[in-house]
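Note that the chains take the letters A, B, C, D and E in the order they are written out, and that residue 1 is the start of every chain.
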Amino acid sequence: MMGKLKRDITDNRYKIAAVLFWITVWQVLSMAVGREMLLASPFAVMGALWGLFREAEFWQSVMYSFSRIVLGFFMAIAAGIVLGACSHRSRLVREILAPPMVIIKTTPVASFIIIALIWVHSKNLSVLISFLMVLPVVYSNMLQGIQSTDQKLLEMAKVFRVPRMKKMIYIYIPAVMPYFISACSVGLGFCWKSGIAAEVIGLPSRSIGARLYEAKLYLMTKELFAWTIVIIIISVFFEKTVMRAIHFVERRVKRYGS
Amino acid sequence: SEGGNGDTASEKTTAETGNEETGEEETGQAEKMDISIAGLKGATSIGMVKMMEVAANGEAANNYKFKVAGTADEISAALVKGEIDIAAVPCNLASVLYNKTEGGIMLAGINTLNVLYVIETGMSVSSVEDLKGRTVYSTGKGTTPEYTLNYLLQSNGIDPASDLTIEYKAEATEVASILSSSEDAIAVLPQPYVTTVMMSNDKVRIAIDIQEEWDKISNDGSGIVTGVVVVRKDFLEENQEAVDAFLEEYKDSAAYVNENAGDAAALVEKFEIFKADVTEKAIPLCNITFIGGDEMKEKVSGYLEVLFGQNPNSVGGKMPGDDFYYLKK
Amino acid sequence: MAVEIIDLKKKFEQQTVLEGFSAKFGDNSITCIMGASGAGKTTLLNILLGLMDPDSGTVSGISGKRLSAVFQEDRLCEGLDAIGNIKLVVDKKITRKDIEEEFSKVGLEDYRGKPVSELSGGMKRRIALVRALITDPDIVIMDEPLKGLDAKLKHKATEYIKEKVKNKITIIVTHDKAEAEAFGAEIIMLKKKSSRADESAC
Amino acid sequence: MMGKLKRDITDNRYKIAAVLFWITVWQVLSMAVGREMLLASPFAVMGALWGLFREAEFWQSVMYSFSRIVLGFFMAIAAGIVLGACSHRSRLVREILAPPMVIIKTTPVASFIIIALIWVHSKNLSVLISFLMVLPVVYSNMLQGIQSTDQKLLEMAKVFRVPRMKKMIYIYIPAVMPYFISACSVGLGFCWKSGIAAEVIGLPSRSIGARLYEAKLYLMTKELFAWTIVIIIISVFFEKTVMRAIHFVERRVKRYGS
Amino acid sequence: MAVEIIDLKKKFEQQTVLEGFSAKFGDNSITCIMGASGAGKTTLLNILLGLMDPDSGTVSGISGKRLSAVFQEDRLCEGLDAIGNIKLVVDKKITRKDIEEEFSKVGLEDYRGKPVSELSGGMKRRIALVRALITDPDIVIMDEPLKGLDAKLKHKATEYIKEKVKNKITIIVTHDKAEAEAFGAEIIMLKKKSSRADESAC
């Protein structure tokens, strides 16, 4: 216990040092550029951030965007897992899914926004976009992860007629986990990036995207940076939570039998 | 001291220009200087196409290098960097840039007045009053179209939040798709999207010219100002003559565009600003002009005041001071 | 019902591993398969386990039967501990205590809930052995089950196996004649196909 | 040889069937929607596509965008590999890189576009954006891949003092390969999606993005779809090429010694 | 120079595996380490190979020497073929022909350029053996090198090892007394620490 606590503190020390390092770089850069309009200084941004925190509307915006983007993310995770698993089991599914996956990965938002907006209200555009951004990452990593599962263990499971559920939990999941973690780590950031971008297009009122857009449009650099930091903080917080949940599940799986 | 600064910098510029002319002898007056000019794709750049053509043929007073940017961001960045000397930008952006650069940007003229129109597929709207209780589709949430529309509604005693529903769509194309699928939809769109929509859907007609409604409620000489020409202050102080010459040529160009919509539209397409067929129909409705001097100041300050009242951020947090306006003597 | 193999043939690309192989494994019998390295012992077991299809020939008496195996490699889940690896293949009827009892029969009292990746080679082997025998299968197939065990444990494990495989069909690959004799097993020698002949065909 | 050819043909048959299936779905949908302006029919789009193919300018646009986006992609692959490897070797590097990676993953384009445009010409915005989109995918998968390399083999290499280069090629690369393939498969699509989006922002003349923007602006739905298909085709073609190259390298590695 | 171990101690969490272990391995000597499963043989070898640090005690005579090992598991690159696995650890001086010659000494003529994953268990073991001995190391450390080989190959491999380890320091873990005698090796018995005692401390 003590060891873990100690390690946690050292871990955080490293992280804080890294963040401080980059803030210093930022400060130096902003001094070098010398124009608040282009590159606001850390202090100015902290001020703007503090100002935001005290607004009631700020928390509304955060909740509004958070709920939608996170919804898209979880839908993508769920769909990615299910589709990845189905694709692995059936060649037909894999081939049928190949073209739409390519389309999802490749088609620029500009192309399908007209069609998308027929079916989706611009309020929910961020759900859709965050979903579409994360889905192919999860799907592709799932497929690779399942394929890289140890064949010898699967043969063993076949001989011993290990029930499908147990096979999933104790053979597939440990093998797929690193791929899944990588997909989540990438997807968690991307869903924010793309979800907010969708809000910048759709501008639903009381969304982070709308506030960000306003800040950009009127060259309110301090606020622009402050909102960006808010997005990053939420994203990191969200990533931490999800990763912790994943590792928790992973540990539970490993502790089976003891 | 300002003049002194200007002088030294001016010398430097001349020297640089000399270098760029690849060793050509400095020949005083006859020498043309390089000026970088930028405009946005869309209505605010249409007025200068003739000048672009003239410059391309080498017949302009100076060497104009035009750039048509996709987004205002690009122009903002380039102005700040000093890569661009003169730019045609939306009116409020000029004020924002002025504030954010602490007066580094000056306003030289208005190039586009109102471009906003109320359009509909039915026959039910002929005045602002008629919008009461209806659903209106628009674009440009959080930008000048919203503030302009809100001001207009409020001035007519209509509360934009409760007396009607305004649905802001992400893109003009989205509004177009709604118009095409509804028998009596109302929308507020800027030119040349209005014309684009009308050309792809013949049921759409213009119901209200927002400028006319504006004129009804304000008699202070203000007006809707969509596009303006701005100059970098540094550049202006160093090259006042060249800027004046530019503005003269701009005026001619705007006049030419208004008189020869067809030829101008071809140029608009040539310079990749917009498509010719749409532009030709749109030009008469785009209120392309060139206004400088006190009239400019009056119109712009009145309009910025309105925007400021709606959202101070939209003009950069505070109203620009008098040094914002370049009033040529 | 006995397991019978008739005229089995298996080729890998140009290399013939099994050809014209026939054998019968009677009920309640232990059969040891011996043969040089590369003779095709593991291949034969894989075919019996249904993990590989033969090119021709028939195998009867397997379908519907419950199989279990000790593979040449241990094939344990490295992340799970000893108990977890057993639980993976048994149903709920078999309790933790049952498993611990089986473990103690092969001297595996001190696994300490460590993940398998932290156990010694001989411990892993014995876990694999217990896994194969705890499920009470009809047919037990083992590829060098006593590999890596010391003399004492070999003896212990042999007794354990003999006790558990009563009334089953048991097929064991071994390299040690003494081991086969200790099992009281019938011995089938697997001849290695000459590789030279094939090679010239490449 | 014959076997491979046969398999290839069947493979393609599946793929063609899948594509035909989706075209049918598209046709049915477009008939149901019934408005060419919203959802152009496959035939109309094929016509528009054919029209494009005969333009000289079309090929210029494709070359223009292709070269830039692909440049961004390869830069991201290279940087991702190098940074991933460095991060694995040194905790310091890993911690120092963590904040910028989060920022790259999370920050919406709207946030940094003004700064980006100061440093990067709008012509090259697509290089930057495609780079920034692919980098975190490659980095994250590289890191996971290296971490999942078999420790026992690495110990072996240490005992036998296997030179670093050989260790890379024969121990790390095979372990990292599936992660790398997954990263490429995701990244290849994303670099197009985001690169074109950047062009839609910057509108450099003669780029695909500018053409796409134009098509959208004038409600030229047929052309919009046609350009989208062009993007997808190029992306698929590019993905095929890159994947083939990767598998070629992989096979070369495996054939070592024989 | 001889390898000397003095008062070695190694614990894993609560479990003491090695304690007060001292030994000396002379030049040009073969030493066999024997002991029950879980006694800590592999742990000891890992410490000698520098893959694990002891908790206390000293190991001298290792640093600067060229080591090689046969691990308890084969630790081959599954994707490479037999030759590739050897080439991985040798420098260019050793040609393909040299490698093939070594292979033939342990009856490994028919590897056929297959990836290791398609070879039989005994073949893999012999590749691991050749890999350890082809590099002409100063110290050879082998964990059950003859595991999974049949009697004939065991004999062949024993001769091969004896030939190759002349003038080296050789440490071999084995479970088979006869094997140790065949090597003409000195034998060190490793006592297993009572696990009960530790367990009560948990």
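Quick notes on this structure:
Assume contacts are C-beta pairs under 8 Å (C-beta built on N, C-alpha and C of every residue); 3 or more make two chains touch, one makes a residue touch a chain.
Quantities reported herein were computed from a predicted structural model and do not represent experimental measurements.
Chains that touch both chain C and chain E are absent from this assembly.
Steps from chain A to chain E, taking the shortest chain of touch contacts, total 2.
Under the contact definition, chain B and chain E share the contacting chains D. Put simply, the chain farthest from chain C by mean CA position is B.
Relative to chain E, the chain whose mean Cα position lies farthest away is B. Our note on geometry: chain C versus chain D, Cα centroid distance of 47 Å, whole angstroms. Work out the mean CA point of chain A and of chain D, and you get 19 Å between them.
For chain E, residues touching at least two other chains, in rising order: 73. Multi-chain contact residues of chain A (touching two or more other chains): 38, 113-114, 118, 213, 216, 219, 221.
Across the assembly, chain B contributes 73, 76, 80, 171, 173, 177 as residues in contact with two or more other chains. This structure has the following touching chain pairs: A-B, A-C, A-D, B-D, C-E, D-E. Of all residues in chain A, only 14-15, 17-19, 21-22, 38-39, 91, 95-96, 98-100, 102-115, 118, 136-137, 140-141, 143-145, 147-148, 178-179, 181-182, 185-186, 188-190, 192-194, 196-197, 200, 209, 212-213, 216, 219, 221, 224-225, 227-228, 231-232, 235-236, 239 touch chain D in the complex they form. Those residues of chain E whose C-beta lies close enough to touch chain D in the complex are 49-51, 66-69, 71, 73, 75, 77, 79-89, 96, 113, 115, 131, 135.
Looking at the complex, you find that chain A touches chain C at residues 152-153, 155-162, 166, 170-171, 174, 253-254, 256-258. Residue ranges on chain C touching chain E, taken from their complex, read 12, 15, 34-38, 41-42, 72-73, 107, 109-110, 112, 118-123, 126, 143-144, 147-154, 175-177, 195, 199, 202.
Within the complex formed with chain D, the chain B residues making contact are 41, 69-71, 73-74, 76-78, 80-81, 171-173, 176-177, 180-181, 196-197, 200, 272, 275, 278.
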